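One chain, chain A, links the two complexes that follow: it is found with chain B in the first and with chain C in the second.
The block that comes next holds the complex of A and B.
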């Protein structure tokens, strides 16, 4: 299958936003859906907050990290996951589209397939995730005694976390082009790994896990590295690694998706 | 069990293992959360104890949590949800098979596909990590018996979650909310014994606690025989209660189905 030549970036952004706003208009038509899903996202975050509150009622710190610093870790991870659901939830449908042959329609349209798929849904749980995640992050920020001077780094951290999260989820969902299945098992494993390991300081894990999380699948740059730099657990030089992780993750996602499209052979009839 | 239930369960089982590579990878990587939990609690407990759990008993607790969560999260949630989201439920209404019973058969059939992986993973974890043994042979037997209730409990909770799809367009967020409720209130994220008393009360008043805390408490001898039998009775009551609640909610929500054309 021959892929189309590249289209102008302006056209790509226009397509993305038109599709995204179409989703927003559809959401407004179904208010019950909106509130059920927003509540679902809020539940997840409230339970993360409760987990940390219970944990720190029993231990004074975890590997030198106190309660407020750990809230920042969980908060930033939630905001990143929420941004994925808000701006790029369609990536999760890749496996289903491959099985059903729904990629066919998107190949014939004059816009990149990855943009069409990524913007095909909005996960409304994202509203709860982003709001409560941001609340945890800000509460932790204030509690940890971090001043306004670090706010630009915090904003950069949030933007980069969202980009890395979306890119890694996209790359792992694209594995379904080869390993067929409705569920994006690898992307789910990423989320599970992040949920279990990345809301904790990396120092408590074996060195192999640290190397994988920092350099192979750079999930550490979603929340651990930026929060470590902001709270002084890591040197400021590590900040340079965050944009590098963004570029690497995005290139990985685009590359894997392109290869996946080459391997795509429709559903067959 | 009627032959139609067995047929539906068999189809769900075969569908689950049809995508062999996905199934294989889910088996291989299913232990990630347990390994992460072991690393975290090893760091926190060290040579001491927290909430009455020393390192050996915490290892047993986490391995039981791995076993139950592998079973509980292996059901056909998405198949159930997609039937509602895609509108296939309207076809189901024309069939001479009760919707809830048919979905239960499929769900348990799907869960059965994960039993070999759950047992294999548990055996490997036991051999590698050497957790505390059962408090007594009777405690081991009662633990195994209590684990059987994971099947109807998991279905009951997942069925209620998927019924939300009558008023939503996506299932992903609902599934994560449901999974996080199960993980937190079952004691998988943090043992119930570490929670403040009021939160423990809330946890014990919900069905989720029977996914990890109940079998682990029986296994480790944190409850006596009478207490263990009481917990198993509570599991049975919740299994029946969730079935009835599911049926009542279905009766209301199915009215939302609109069939166009004709």
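The block that comes next holds the complex of A and C.
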């Protein structure tokens, strides 16, 4: 009897980080590209900052949320999106790799394909996104009068937000194993939805939208739920839902990717 | 026990069934129709450890698809594959440690990294020890001159350098079963020679090799056994020597006469042979059935009666046989 040989988790992490650092070395081959992309991300976040400042100069609060709390919502979402691009941007290449048959070699190596694909690219705009997103989050945190005692929850919120974001994007990009398109249209829709809707308190939306965002595609757990708990808009019990959302999203991503690999038919036959 | 065994291996793809042009594309958008295309059709293949097998066929015959099925990249529509007793698709990770793969038309090097970095990434992925890595890199350097471009970025390599680097990537973990899909495509003669010498060394060391190539010199120089595939099915499976002995039934002699050759007159004088004019007026090619006449007999009668200025023997060409197999002129 032949046993299936699993890849130890430590080995998987080592492969991930080695590949990621290799990408960093590759990126510095193109310094102009690096600075342009990093600046673009920063400019985008400064605009977000300015938009909220203008909004709250005219409106005292939105559904009970003040300026600093809204900054935390936007900031955490930017950090999550930035982490996706910084640590897991390769997932966006899934469609292109499927069309071009670039998954082939990755299947013949003794490492999870999802890890090899996820770590295959770094989006440099993410540096600006992460830095300014974090700055917005911290500025909002201080302005909202949240003390140091909640810092561990804040750190957990950031880590979980990044994991949920990466997992949801991966699951939606994996749809391209079946639809055979280069553009990850469903993942783009997710980002658009988050950019337009998830920077606002979920309370302003109809209950149907709230249920979808909380339980079906748990985007609310990226920024809305953790910020609501930290700022006292939701009870602390909701904190338990955040790791659950991480586990659910990651299992979903891994499951969809595995099914996708079963449907993969390479290129050139 | 075979290292690789495929039984009734079949792969069917679904392809869009649409008319050409813009109109066809729009119509297909509204009325989606598909048809099935069988790329590999019930192949039975068994390879023993240490064998070197050439897997050849015309374009679109199903060679690359077979390699992808054997390496676990694709799932068979029907049939089974076992490599060292494992299903390469469902037991992908375990299988990956024992196989090496090279697709000549693609690279597995990290495009913006030095070759050395790509090899190190693969070293860690396969869990190769420092000592083994050093020993293998030294060997690759000796046989493939890898050292000269180890620090170069993959995107700056020539095709020949890229192929040698990719070969090193495929073999860095010392796999037992190696699949090479067109490893000499687009290479110049000197690089081809170097690669073939390297592959011979690999086979001599006991590695099992499955090689697909359109370059029949690759096959003759590296492999002992040949499997010819056409339209997804095996047209021939046996030793290269047997293929030659079985299918090459004629031999040829090129004669260079003192004056211009009169082909009809020669054909009348020697009716047992087939005559054809050569490139020069004084050159003529004589083809005879090797089962009826020995070369000595043919040469004896021709030299005695025609006193040629010079002559040369045409060696039987496996290329001609395979070309005729592709054309359906020969059967299994």
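Here are some notes:
Operating definition for what follows: the second predicted complex is superposed on the first by the 262 of 269 C-alpha atoms of A that agree within 3 Å, B and C clash if a C-alpha of one lies under 4 Å from a C-alpha of the other, contacts with A are read in each partner's own complex, and residues count from 1 in each chain.
Operating definition for what follows: contacts are C-beta pairs under 8 Å (C-beta built on N, C-alpha and C of every residue); 3 or more make two chains touch, one makes a residue touch a chain.
For clarity, every value in this text was computed on a predicted model and none was experimentally measured.
Once chain A of one complex is fitted onto chain A of the other, the partner contacts of A:151 are absent, as it touches neither chain B nor chain C.
In the superposed model, A:211 makes contact with neither chain B nor chain C. Of the two partner chains, neither chain B nor chain C is touched by A:244.
Contacts of A:265 after superposition: chain C is touched, whereas chain B is not reached.
With both complexes superposed, B is the one of chain B and chain C in contact with more chain A residues.
Residue contacts after overlaying the shared chain place A:55 against chain B, while chain C stays out of touching range. Shared-chain residue A:22: touches chain C; no touch with chain B. Within chain A, the residues touched by chain B in the first complex and by chain C in the second are 26, 30.
In the complex of the two chains, the chain A residues touching chain B come out as 26, 30, 32-33, 36-37, 39-41, 43-44, 47-48, 50-51, 54-55, 57-59, 62-63, 85, 89, 92, 121, 123-126, 179-183, 185-186, 189, 192-193, 195-197, 200, 204-206, 209.
For chain B in complex with chain A, the residues that touch the partner chain are 19, 21-22, 25-26, 29, 32-33, 36-37, 39-40, 43-44, 50-51, 78, 164, 167-170, 172-174, 176-177, 180-181, 183-184, 189-190, 194-196, 199.
Residues of chain C touching chain A in their complex: 11, 13, 39, 62, 64-65, 68, 71-75, 85-86, 90-94, 96-97, 99, 101, 103, 105-106, 108, 110-113, 117, 121-122, 124-127, 153. If you check the complex, the residues on chain A that touch chain C are 2-7, 11, 14-15, 18-19, 22, 25-27, 29-30, 101-105, 107-111, 262, 264-266, 268-269.
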